[in-house]
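Listed after this line are the structures, all set down as structure tokens.
Two complexes come next, and they have one chain in common, subunit A, joined by subunit B in the first and subunit C in the second.
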Partner chain A sequence: MKFTKTLMATTALTMVAGVAGAADMADEMTIVSWGGAYTASQMNAYHKPYMEKTGVNIISDDSSAEAVAKLRAMNEANNITWDVVDVVASDAMRLCDEGLALEIDPDTMLADAPDGTKASEDFGDLLVSECFIPQIVYSTTFGYRTDMVGDKAPTTVCDIFDLATYPGKRSLQKRPIDNMEWALYCDGVAKDDIYDVLGTDAGVDRALAKLDTIKDQVVWWTAGAETPQLLADGEVVMGSTFNGRLFSAIAEQNQPIGMLWDMQSFDLDGWIIPAGLSPERQARALDYVYFATDTQRLADQAKYISYGPARKSSAPLVGKHADLGIDMAPHMPTDPANAANVHLYDYSWWADNRDDLDAKFQAWLAK
Partner chain B sequence: MSDIKTNGPVLAADGTPLKRSLARALRVEKTRALMLIAPLLIFVLISFIIPIVSMLFRSVDNRIVEDTMPYTVAALKTWDASSGALPDEPVYAALARDMKAAAEKKEHTRIGGRLNYEESGFSSLFRKTGRAAKKFDLDSGEPFKAKLIDIHKDWGKIETWKIMQTHSVDYTNGYFLNAVDMKRTPDGAQMQDDDKRVLLKLFGRTMWMSLVITGMCILLGYPVAWILANLPARQANLLMILVLLPFWTSLLVRTSAWKVMLQQQGVINDVLVWLGFIADDSRLIIINNATGTIIAMTHILLPFMILPMYSVMQTIQPSYLRAAKSLGATNWTAFWRVYFPQSIPGIGAGSILVFILAIGYYITPEIVGGNKGVFISNRIAYHISTSLNWGLAAALGSILLAAVLILYWAYDKIVGIDNVKLG
Partner chain C sequence: MAALTPISRKPFWLVALMVGGFGAFFGLFIGTSNGSGITGAIVGAALMVGLAWAYINLLKNEPVGRGITFAAFGIAGFAAGGLPTAILGALIGALGGWLIYWAYEGRYRAYLAPYLTWQQVLWHFGFRTICGVIFVFLITPILVVLPLSFNAQNFFTFTPEMLRFDPAGYSLKHYQDFFSNNEWQRSFKNSLIIAPIATIISVTLGTLAAIGLSQSHVPGRRAIMAILISPMIVPLIISATGMFFFYSQIGNWMEGSLGLDKNLVGYIKVVLAHAVLGIPFVIITVTATLVGFDRSLTRAAANMGADPVTTFFRVQMPLILPGVISGGLFAFITSFDEVVVVLFVGSASQKTLPWQMFTGLREQISPTILAVATILVVISIALLTTLEFLRRRSERLRGMSPS
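Right after this comes the complex of A and B.
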């Protein structure tokens, strides 16, 4: 009996100590991102200035690829250890749907542009979910080996499907998103009708039939680093990946790779704040995103990586690469020369149809 | 000697019956032993068994539907889906009430996601309806049927309601049906559409390829283990290090190394082209398919085969072989009739280890498997981390677990688990 009491007392004490410890945690925060060059760019553009300004200690965690599943598990265990999480827009929508992310009011919680434009207007259409604070615009697009395409460099996305002119393997992401749209587009569907066609069973069959024409020449990738590596090894002639990965292969590693911007698929990446943080931690997280998503900070990130800032007001401030000294603007997916023909990925359509199409896509892959 | 009682119970020194005294001593022993293993037992229970059971429980748990929409579920019980008519106003009123409550708690999209696994479109149906439902005035008495159909036309479709009714049970077999390419429909369990059937194929492939990998490991591992067991200690130790070095190297490093070796511009193809065995334009495709997975996994799992074989072979007396030969056996007969039967327990232990590890393998098939060399575990990972369909992932995991247990049982019946030796 006495033993039980002592045990309970110590447990209670430990718990109190734990809570008291958590209350002081507001000057330490865990920020989750994708790792590699991307986290490095955030470290330089956001974390370091913020730590200098406030003295807060920022801990980096490279778990964004698993963020949705982990946040759900943390929520169920009632122990959320992350303060700010970097996710793609579709994941942000999912987290918002599940009630796992904090809803954000851009005009009160985010900084205005220097000229006084409200944040909601500065971000504009990019605020695709109530919980999502956009940070960059990136694109999934194609790179090709300049020395393996002869003297005819590919100019349209449909060259991916042209095995006669460009023999050899190509790498595509192992998921239906983007690939299905490109397939329909190259099968003659008008850009505006893609999702209407894809919404029917016949449309799905049509897209898969188009992909069938190159199926045995495709290497499927799951990690963004794979295509640049496959291109560097000469394993594939062309392949899709995130534009920043191709930029670093071309500009930083001098690989013989060219960019094919046609029908690049725009996507967004940004912050969410997990729902259910303690008030101190939530206040800290909000303070951080207010700082990190202002006009100057977003423009600063583009010094380190070729992703376009999500604010309209940041675009004119994009300067030169921090180490290479080259002008970054022409390497942005949003640059007018690159964005002549872009594919806008429909988030809400995919939120509805992803499960269904993924099952069909996987069944097709296994055939 | 006549004062010794011969018919009463035997007594211990303190006068209690010896039987009881012995039982007490044994009980104390057992309690002490239990106390000693208690920390481990509790640790295993808390960190292993409870999480596994609670994860497996998700494969049947469907309470989210009734918890979020209690009034709709109750009202739908009286609706006859085969009547061909839409539900009446009370069902719509119940839906409006549930939606308003769920939207205020931000739970409406979660259940939309749950039902979207069954039928595309529920996600946006619930998101859109929930947004409008926050402004519902429940006491106004106005007809919600027209209003809801106006918000989203799917509420005016019988199919929508049929799916709601079919999936409103607390405990469902739906996830297990999905896991074997079937689905729960208003008309009972049915096969999944042709173009969505993939999981049974993956189960079959996982089993078949694991068997092939186990077989390859036996073929490659047996001679190595034999040499290890029969060389003088010095050379054997050196060889042992060669077996253990890859064993200690990170799985990811070894898998990536295979990528460099096997790809079309990789080391093996380059050497073959250089030697003139194959033409430059017909390089072998030995990665991103089943071959790649089998090669890489055989290499990675080989130590798990060699080590148990080696430890069993070490205990086989060389004198048995000499005796067989001195009695006139050829080398082959001596090996096959005398040595091999004694080494079977090692093969058994190695095979079980390799096979069970292989069917749950994830990272190697993911990296080198392409689309023809991935396992069921890759789908489980997808449903855990990307689609968030944890119910289906749990059902797939339960089936995999059951398959392993059945195989283990079959193995016990055929070979006998007592014949397995790890050393």
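Right after this comes the complex of A and C.
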């Protein structure tokens, strides 16, 4: 009987501990983001000051990669557990079209710039969807192993396709976006004509033919952490990934990696608020977003990660890295020296053609 | 064990066959890492056969021969890549030197029965080799993780400093990260809350179900059994999708009608889902133990005036306890390792350790995951060792010899 008693006592104790643990987390909100260094930068720049200011406890959930699918399921089950979600602009557009995200009026729901400029003007062109609150500008660009390229550091994106000068594996993201554009650009298509050419079947074949020349030397990645790991291992000579990941590997981890900014592909990342929250949760989410996207907060985030703030008024406030003390401005994708030749990723073109090209790209991959 | 069979020296072709195979095996690995596996295998085989011939026909002194092989391979390894390869080379050398004389002197025959045919001898060692290889394949991935968790860098890579055994290449910072990082601590705590409660529920319900289903008069017991163990057979992702919608409704009802706290409801949902996954394991192990349970004991207890509950706790439970405990262990591990269902059913406040490891692997390849894995491996070994000691102790107390 002693055994049973111990068992019952343990059960009771664990239950009580569980309930007590749950009770002191009553006033909390769940914020979804991408994880890793990126979530850490948001934690430092937004979550911590907000928790101090309001006493709300913020739980972070690293599920942005499956945000669209999960929000659909949550909506279906009428059980939305997320309060604010960090997504890329194209996902925000899809969620907005499906009615899964709350529409935002920037001038009434977001903070003005310190000089009184309205938010809609401060964010400007970056407000690409009615539901989307831009946060950062990031870019998908290339890093290379400085000790594996000899004396000739790569200078243009077309060096990716140059197997003679830079033998070895390269890593590319497993999706048509960016790769197709880079392939056409390096096949001699003028930058302005890329999307016109890619809109034809012949153009798609041309891009895939260019990618064919390096296909057996490509390692395809799906998660942002893969290319830094492959570069650190020396498994690949060069590879594409998000510029913040490369900055972290170079500046914080001291890896022998160099940046290749040529034809970097700009993209936006920002917040959406799920539609269908209860009024008090929605009010709290709006309050959080108002706080976290003001001029100073956006500039603060750049202290922890090298992504450019989405507000024009934040740019002059970008300072030094919080731990390393180095100037962050030269590491921003938007810095004039880095942005000499950029590729402007066309959202609306991809929204129309994504499914078709995905199918062709996957078929090509399987060949 | 004393020698069973008088041994005799073997012909050279047999020795050449064995050591040649040995050389080819290691040559294949070394060759592959340097460009050509086939060249490596041929060179390795030729080198070992040549050494064997020289030792047998020219040197004729075993300790010297083995010493030379050991030292030469060690030095060659040192020349190739410093201390780690020197150790590896010396090990291969020691093994190769031993193998040459083991084959030549016919020592492999000494402890086998004299009447075995050569095919049986071959199978005797072949079987052991296969077992060894399987063991290596199972255990190497786990062993590789252990040193990597002490990496001073934030990558899953053996750095040059680590390979040189330079202390600067090692650090405990990933362990520090695990113990100081809020996210890791919270998910560890969640796992420690969810897994034991789910285990207790599955053990209770699973044991009751197994006892009930082992009674021959229960109608449709095969069908009930099949339904109860179906969570083990249905692909997890399908159970998880179903559970997501089912528990969302239950959760809404508990929050809306019962007025329970959102977090508490979250825990209840995950615990129930994990209990469902754990029940089949308990049913199967307990049913298996019940096969050996003598039903006349319960009748004897009833005869002496014990009611069914007393009979269960005083007679049946102690006898089937090993099955219950091992079922409980499986249920615990299922909940503790489970990532798919909790991703669907749980919300971020119920993030468990496997969930945190999963997202950590996908979004940020951080060696903290390896540090956690190492800690879990050590805990598992400690748990199993303790269980084994307790089992032996109880057997000793009962006057049985440990088996």
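Methods note: the second predicted complex is superposed on the first by the 340 of 367 C-alpha atoms of A that agree within 3 Å, B and C clash if a C-alpha of one lies under 4 Å from a C-alpha of the other, contacts with A are read in each partner's own complex, and residues count from 1 in each chain.
We take it that contacts are C-beta pairs under 8 Å (C-beta built on N, C-alpha and C of every residue); 3 or more make two chains touch, one makes a residue touch a chain.
Please read these numbers as outputs of a predicted model, since none were measured by experiment.
When the shared chain is aligned, no partner comes close enough to touch A:T155: not subunit B, not subunit C. Legend: residue contacts after superposition of the two complexes on their common chain; A:N341 is shown touching neither subunit B nor subunit C.
By the touch criterion defined above, A:A69 reaches subunit B but does not reach subunit C. When both complexes are overlaid on chain A, the residue A:Q253 reaches subunit C alone and has no touch with subunit B. In the superposition on chain A, A:D233 contacts both subunit B and subunit C. Which of subunit B and subunit C touches more residues of subunit A: that partner is C. In the superposition on chain A, A:W364 contacts subunit B only, with no contact to subunit C. In the superposition on the C-alpha atoms of chain A, the part of subunit A touched by subunit B in one complex and by subunit C in the other spans residues 65, 233. Listing the residues of subunit A that touch subunit B in their complex gives 65-66, 68-69, 72, 94, 96-99, 169, 174, 204-205, 219-220, 222, 233-235, 348, 351-356, 358-360, 362-366.
Remark: subunit B residues 105-107, 109-110, 112-113, 116-117, 120-124, 127, 195-198, 201-202, 263-266, 288, 366, 370-372, 379, 382, 384-389 touch subunit A in the complex.
Those residues of subunit C that touch subunit A in the shared complex are 153-157, 183, 189, 193, 196-197, 200, 244-245, 248-249, 251-252, 261, 263-264, 266-267, 313, 347-349, 351, 359-360, 362-366. For subunit A in complex with subunit C, the touching residues are 1, 4, 7, 10-11, 14-15, 17-19, 21-23, 25-26, 28, 30, 32, 34-39, 59-63, 65, 73, 76-79, 81-82, 223-226, 228-229, 232-233, 252-253, 255.
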